[in-house]
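What follows is a pair of complexes built around chain A, which joins chain B in one and chain C in the other.
Let's turn to the complex of A and B:
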């Protein structure tokens, strides 16, 4: 199982990942519409990548009142059915990872789909510092023993 | 000839609480029968989406809670269009309207809530609508036509949903609210001004702080009916929508010994006072996790979790706990509003209130901190960080010393993550900098002399 894996330490805050994500999914170079968002605190020199963490018990799925969000029981992947999304922002309200991004222009949420169907997620391909990577989860668990 | 059905699990009510209970039961117990009694004529649907049906954007077939084959796959018998009419606790049976009975081993009451209408003089002399069930939508849709004038009694969540949908159908709206503010159950005075302004911008006439004393057929004028307000003014209308609030649907419990205090009293395991009978969703009264006192928590998220806990406990008695709090997320003509905790209280006692607003944009944020803990918040338009604040409140994280930087600067998630990242993002897919595990603040050094070495060192390690 592959997962987007982030290293806040290496993030330079360039937002290439957000832009690449928005281009891949919506065809616009708008960093506010990426499923991965960079939170910056310039005073403390700290960057953090807010992206779907594929929770075991995802709060967003519980809160979704249009049943647009479902969890794949085999892979843990969160599936987002955009046609069923009604823009109620319940997922935004409950996601502690700030990974359910409201897009008021379209009235739909933006949820990471780990770029299903692509070799490599757009954000990972765009990251030049290695702060966003794509790994096999089992490998990591195995390596840590 | 009435049938007598038997099932190990019987669930009365097919809203989100009932359906999530089915899910939870099937995670634990895949064999024993489940019967779900659905009182409405359509397959279980997402109730908050009925306004989209009213608007004509979706049909009931598109807002199913679960796909039709889901029930078959999980060996669930769904009884549709035959509401439960009576409980016989001694005989462990529930009687349906058709005369059939269903015998249970474990019963879940998840009947939800019903609109509550205050006794206003003359209400029976005018045709009125509520907005809750499938047939309400059909009736309202049939009754309203473009150019009509609708009178909406009550500007709460339901009223607001009705307004946005009716407006899109081309109906003129006058909305009257008894309390001196709109959305009185979730917004404080200041925040409600934003909501009110938004409604007025979209052409809705809003009257707050005024009750309706009487309804009557109008004596002439443009509209066939009229309402007289407390202040004596008369409002003419073609269509009346009552959205004056909800109350738990308890008619099934008449004459039973189940404990009731406004709603059904439940333990943290969702058990009622009678063994073998559980309750979940809007119908329950439950201790609020933040406030401490027992209250109704009519909300989707609470219903979902309560249904789950009820299901798990019905199946094997395993104890799980859920921490309910008031949560609300809504959108007024595209303006997102998220609130949680007792955000309606204008001047909370012994608490600090942080407000950051920008009326032009518009955006508004209000946080209430008591004893160093976030107990309530209102976010209008700037809702991206809502999840973090919700988490802070639910986990009762001590934010006393960072409260002002959290709320007054736009660095919300950041400072919080510094201190509490291990608790929140403990997943496998993030590599927290070692320096962040220290209690000391972590600083990336951006000075020219040391930056290169430090960064280079970090990169070569990975």
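Let's turn to the complex of A and C:
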């Protein structure tokens, strides 16, 4: 299966990925509403892409109080039912990758859906450095049953 | 209306700092249609709002921070915004363009343009959030440098907030203080930071918005597909690749080889190779970028800063006779922290250095030696300018220091219309460069035109397509260079209104980059706006004419469209360019022809017919102060 895979060393910090994600999902150019976020600090000198890694044992799913987050046992994909999100922010607190994005003004979390239905995720299509890629990874889920 | 502007948003906030009130308007669609956004709409508002006989540092000046139509959409390199006011440095149209992350966040916060009027009683910051602007106490930030301010604002308003701010130089009303976006991006030219300081505004913070405050994209899938296509198209370009590798310092070696690097206040024209791009690169830890950029030309240097640009390494390096690579980068970082325009800083310091070395000024004025090639002295001078201490207080007046510096005719200052030249390139060799800095609407500045395409080895039919006629490829030829400058001024005024970086624009170093047809598509997919190529060209002409009308109103005439004395009188000393200078008669002829194609009067004024036409357009700015 294919997964979004990031390379922070190549990231220029431009946030084209975040804004493309927001446009694809909300129709609005607002990078704070991207399911991929660029953590950057000009003083400490880093750029880091926070995006769902599709954990095998996702903390966000375990912590979700509104049962908005579930894991597909066959594919490992995390599914997010926004209507069931109550904005408790448990997922945003427990995600070790800072990839569950709080949207306090809407009272909802933002979770990567890997752009199901697109040829490739909007963030990958927008990246100009190769820092956000969509690559084939070994399918461990099936083997684990 | 002949053009459909679709959903181009131009939500404008008027902040009356004197009374503390904030009002809003959606810019009249008739005006958006004619000027699109960014530099164009800023010019329209300034022209309309500025009272006659305004002192640039008085509360009556109008400070406008405005985004381009495409700014913040996620289109390639759409990070730009303009800061516009009556310039306290030149006394004419003041307008500076910057990138970074602020424009995108401002628009996502629900506001596209902030117009500051009056003056706050005490230091304040403006906070933009959820489509509203609030005036908040800024006392805690006053006195901090740019890095400290940006860091403190991130701490107070959240890591995703983005701010523009002034440094100590802006607070002290240094006439070439800039407005800084982040820690390195500067709306540098013309002293916009001094205007902000004169209004007691330390920073404008964009803190985000509700989803309904965001920019709605008309055709999300079509727009994302177009952006990806343009990204791939641009990244195939050699100039984009090279800029992404080493940034603008790539131009240093080229100009130096030509013998056209401004050295020791243009007394010389070639310098050390210690400022070559590859050597600069030894001091770089990573190439980073502005929002949605496909070029990535910004350096994170190993001396606790970002940059340097080509402009900086020459104006604060060769021009000051300082060759040590690390020292020049440290001067770049220092100027950025203090919030100074590096171009004017370097131009004014080198002016004083030559005057001192020639004995035109002495220790009684300067308080000690002011000489080329001394890094520690340069640090001291830059700090004293930013803090307006001692001799620095005189230099902080920029070109207005001429009388005190005993050079009343500015014979040794490389400036036009009171604005020191930003281009590191000595313009005596490339005649189009010379005309470009003479006619630029904000004074001696290369980013109003910087014409280069005609000297490249391009097919004649391609040149005809770009310029509309045959033009001379010879950089030293005067004939037809008015057409070249005209064309580049037009494309740059348009791209500054659209809000996209010049580095992906077809006038800048390559004919293959984005042009009108691409801008039409972007505006269509993003906002459903329908502009033909011809209509976009009309917008560009309008902006240039409007800025000229503003400058005419400030007294600018033909006599002001000229060059520093040295460019006419002294031949260049080195390299390929050796022996070249500007011939006065030839320059006059070039200017005559330029006015003719601009359809301006012989005295450099816009015709009354055109004034009436544009006045009628600007009059549609309803609900604003008259």
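Here, the second predicted complex is superposed on the first by the 137 of 145 C-alpha atoms of A that agree within 3 Å, B and C clash if a C-alpha of one lies under 4 Å from a C-alpha of the other, contacts with A are read in each partner's own complex, and residues count from 1 in each chain.
In this section, a residue touches a chain if its C-beta (ideal position, glycine included) is under 8 Å from a C-beta of that chain, and two chains touch if they have at least 3 such contacts.
Since the model is a prediction, treat every value here as computed from it, not as a measurement.
Applying the stated contact rule after C-alpha superposition, one finds that A:89 touches chain B and leaves chain C untouched. Looking at the shared chain after the overlay, A:111 reaches neither chain B nor chain C. Judged by the touch definition given at the top, the superposed model places A:6 against chain B, while chain C stays out of reach.
Once the two complexes are overlaid on the shared chain, A:54 sits against chain B while remaining clear of chain C.
Once the two structures are superposed, chain B and chain C can be ranked by residues of chain A touched, with B on top.
By the touch criterion defined above, A:78 reaches neither chain B nor chain C. Once chain A of one complex is fitted onto chain A of the other, the partner contacts of A:69 are absent, as it touches neither chain B nor chain C. Comparing the two complexes, residues 39, 43, 45, 129 of chain A contact chain B in one case and chain C in the other. Touching chain B in their complex are the following residues of chain A: 3-10, 37, 39-41, 43-46, 48, 50, 53-55, 59, 62-63, 65-67, 84, 86-90, 92-98, 100-102, 104, 107, 129-130, 135, 137, 140-141.
The touching residues of chain A, when paired with chain C in their complex, are 12-16, 19-20, 22-24, 26-33, 39, 42-43, 45, 47, 103, 105-106, 122, 125-126, 128-129.
On chain B, the positions that touch chain A within their shared complex are 16, 20, 46, 48-49, 52, 62-66, 300-301, 304-305, 327, 329-331, 334, 336, 338, 340, 383-388, 390-391, 411, 413-415, 417-418, 424-425, 427-433, 435-436, 441-446, 458-459, 462. Contact residues of chain C toward chain A in the complex are 72-74, 76, 101, 104, 107-108, 130, 147, 150-151, 159-160, 182-184, 208-211, 213-217, 220-221, 223-224, 227-228, 231, 235, 285-294, 296, 300, 306.
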